[in-house]
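All remarks here apply to the structure that follows.
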Amino acid sequence: MGKRIGMEVGIAAAEAVGLCNIDVAAVYPITPQSHIAEHLSDIVHDGRIDAEFITVESEHSSISACAGASATGARVYTATSSQGLMYMHEILPIVSAMRLPVVMGNANRAVSGPLNIWNDHTDIMPQRDSGWIVMHAENGQEVIDMTIQSFKIAEHADVMLPTVLNMDGFQLTHMIEPLEFPTQAEVNKFLPDRVPYATLHPDKPMSMGCFNMPEIFTETLKAKDTALINSKKTIVKIWNEWEKQFGRAYKPVETYKTKGADTMILTMGSMGETASVAVDELRKAGKPIGLVKLRLWRPFPLEELRMAIKGCKTLIVMDRAVSFGGAGGPMATEIKSLLFHDKDRPRIVDFIMGLGGRDVTVENFIDMVMRAGKKKDESYEYYGVRE
Amino acid sequence: MNTVQNFELYAPKLIEKREFFSSGHRACQGCGEVLGLRMIMKALGEDVVVSNATGCMEIISTAYPHTAWETPYIHVAFENAAAVGSGVEAGLKALRRKGKIADRDVKSVAIAGDGGTVDIGLQSLSGAMERGHDMVFFCLDNEAYMNTGIQRSSATPFMAATTTSPAGKAIKGQRTGKKNVAEIMVAHNLAYVATACPSYPLDLMEKVKKAKAVKGPAYVHVYTVCPTGWRAASEQTIKLGRLVVETGIFPLYEVENGKYRLTLETPEPRRPVEDYLKLQGRFRHLDPSDIAKVQALVDKEYRKLMHKVKTSVPWS
Amino acid sequence: MKQKKWPEAWHEVTPGCMVFTPGSASTYKTGSWRAQRPIYDNKKCIKCGICYLFCPEGCISETAEGFFEANLDYCKGCGICAHECWPQAIAMIEEEV
């Protein structure tokens, strides 16, 4: 393996893309993604890689250009955040319906209003139903590894779906971390050239994006849903291939000190690292606490989650987003509904925290565990809100 | 020796025989837009990839599991035909350069209606043209959002009745004139901008070929009659197209590197706009003073264009 | 490509609803739409091909003798050909019920 170097994670993400032999990138800048866009531009315009870099005039056009390029058989990449992702929202379900393997990096940032450029998950949650494969990275190394894996997953003949890799804006993208890059030869071995299912070329004319009458639409949607559900098998297979080649393991649900834990914290994204320190301290104090970290959000890894929370009596879900006027945090809501029929489902406590860049410390996590124990009503709670 | 000047052979039998847009499409009887599209596709040939916006042409041609398109085709959404087309262009360029696809000239062509060009599509059109992609953008202009039921667009002409600019007590049809997107395209410094009409098929096909030959972005604005939306008889499609040119409402011109040139000299005096308006139900609420207003606006726009024709010089 | 029975089952839908048979719309015969149909007086026809050029359906083609006739499988009876024919060799008559 290579040696470790210190690099800003956003820049490392661009470097990882640079290893993947992309053909087209279409990006529009938005804080905190802009370093990814800028560095990818450097890589292309310095001639380090041979790709077309389209400086589109909006995110709607960046995802549209990616769709067009992907349809010709090109390997494509884009990156965005928050408002940009929301501007793409209209096109996201179309890209997944058309089975175009677009790979996207998303620097998680709060969604307006009001305007807030700092980190939370309110930008990715509204894209839940879009049919994309959604993954979260916890640290810089995962950003590199999962970016490279994303291309293989998206383009796999049994998947053919677009993927979005989430990395917490500023909290992760702007951190300088010690990172290990695979060599170009190693990436070439892991990631072969794309073999498209169909392409736009006069050699073999075909039509993409045909519309559906009511008599066939239900079938089309079930086919799309099934494709997304079935993609989990291939995602796990590709993660196993990665572990075999590079020695770093990736699972849909990661666990930390969950053995014998009757209370578990559930996180997604970079806050998992902070939570693990809290778990260490609580364990030192004799409390049987564990940590469950979701890496794969869509397709939702229910079986893996069930295995991870075996024996858990209280599951404290740390949501960095909320559904206004609804059941609370998206993760807690999803898990509650998926476990509804399970006989030995845990009590689920839902904290909304870390919104708009609000820091969540080790002490906060320990405090939330205490509060969870004392909570009487089961409604969701904004942790740390000034009353 | 005398040589006949400006002699075009008007011979339909000499044009491309292959149909790149099949019958069995579901356009209305007498649809001018699908006629324009059929001619464009003949002039383009097979080495194209079409990126199409949502609209009449997309809906009538691609009801799964069928397609009327004989060329590669992609439809994504309403406002991004130009953006998708720019992605197609970039993808083909990169793949060809890297030797992953055949070394063959394939043109990216974006086709949208007036809605998907002048209104919701204007941003992506401007972006794609400014970036200089090697692609052609065709606006098929039937002067309203026809596919959704005849609502006004900014290409709807002055005083035309649509469902959202109706003729009634408070307003008398469209209150503003037609947005001149060809001018906007010239302002983007495109090497080739043209207006065309299917009633002059050889002129249209010649312009399509010229636009395709440009190494860079080109724009063609095609006036297409909609008998359904305009409340005109279905057999009048070609006649209306001739009248719109003879009255000077939609002059046929091209702008090559900034030099304006009429490709069809409108004989003076131009026919009065009334000859054109009276054939369409969307103008039937116009009284003589309204028609005079329309005539004045048409005259003004025509004068503006003629000034450019007389005084413009090529940029280089 | 095997001909699937329409409408198909969910697992038979092509990925992304892609259509691999260009021009397959021609299996839909729009001729049933029309209320009037063109008839030809070939004594007047000058074989110019204008009707073929102006047909929105693209369904007019040259016969063996060089005259032009609409394919009644697709002709929607719009009347453009009759209206544009210079020697007026085409007339539109009402379609039988």
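Each chain gets a letter, A, B and C, in the order it is written, and its residues are counted from 1.
The definition used in the following text is that a residue touches a chain if its C-beta (ideal position, glycine included) is under 8 Å from a C-beta of that chain, and two chains touch if they have at least 3 such contacts.
Everything numeric here is computed off the predicted structure, so don't read it as measured data.
When the interfaces A-B and B-C are ranked by C-beta pairs in contact, the top one is A-B.
Taking each chain's centre as the mean of its C-alpha atoms, the one that lies farthest from the centre of subunit A is C.
Centroids of subunit A and subunit C (each the mean of its C-alpha atoms) stand 51 Å apart.
Centre to centre, using the average C-alpha position, subunit A and subunit B are separated by 43 Å. Distance between chain centres (mean CA atoms), subunit B to subunit C: 24 Å.
Residue positions 98, 205-210, 212, 216, 220 of subunit A are each in touch with at least two other chains.
Taken residue by residue, subunit B touches two or more other chains at 62-67, 69-71, whereas all remaining positions touch fewer. In subunit C, the residues that touch at least two other chains are 8, 17, 19, 22. Residue ranges of subunit C in contact with subunit A, taken from their complex: 7-13, 15-20, 22.
Of all residues in subunit C, those touching subunit B in their complex are 4, 6, 8, 14, 17, 19, 21-30, 33-34, 48-50, 52-59, 71, 73-74, 76-80, 82-84, 92.
Of all residues in subunit A, only 97-100, 160, 197-198, 205-210, 212, 215-216, 218-220, 222-223, 226-227 touch subunit C in the complex they form. Those residues of subunit A that touch subunit B in the complex are listed here as 23-24, 26, 50-52, 54-58, 60-61, 64-74, 76, 90-91, 94, 98, 193, 199-203, 205-213, 216, 220.
Contact residues on subunit B toward subunit C in their complex (touch as defined above): 11-13, 15, 19, 21-32, 34-35, 38-39, 61-71, 198, 201, 227, 233-239.
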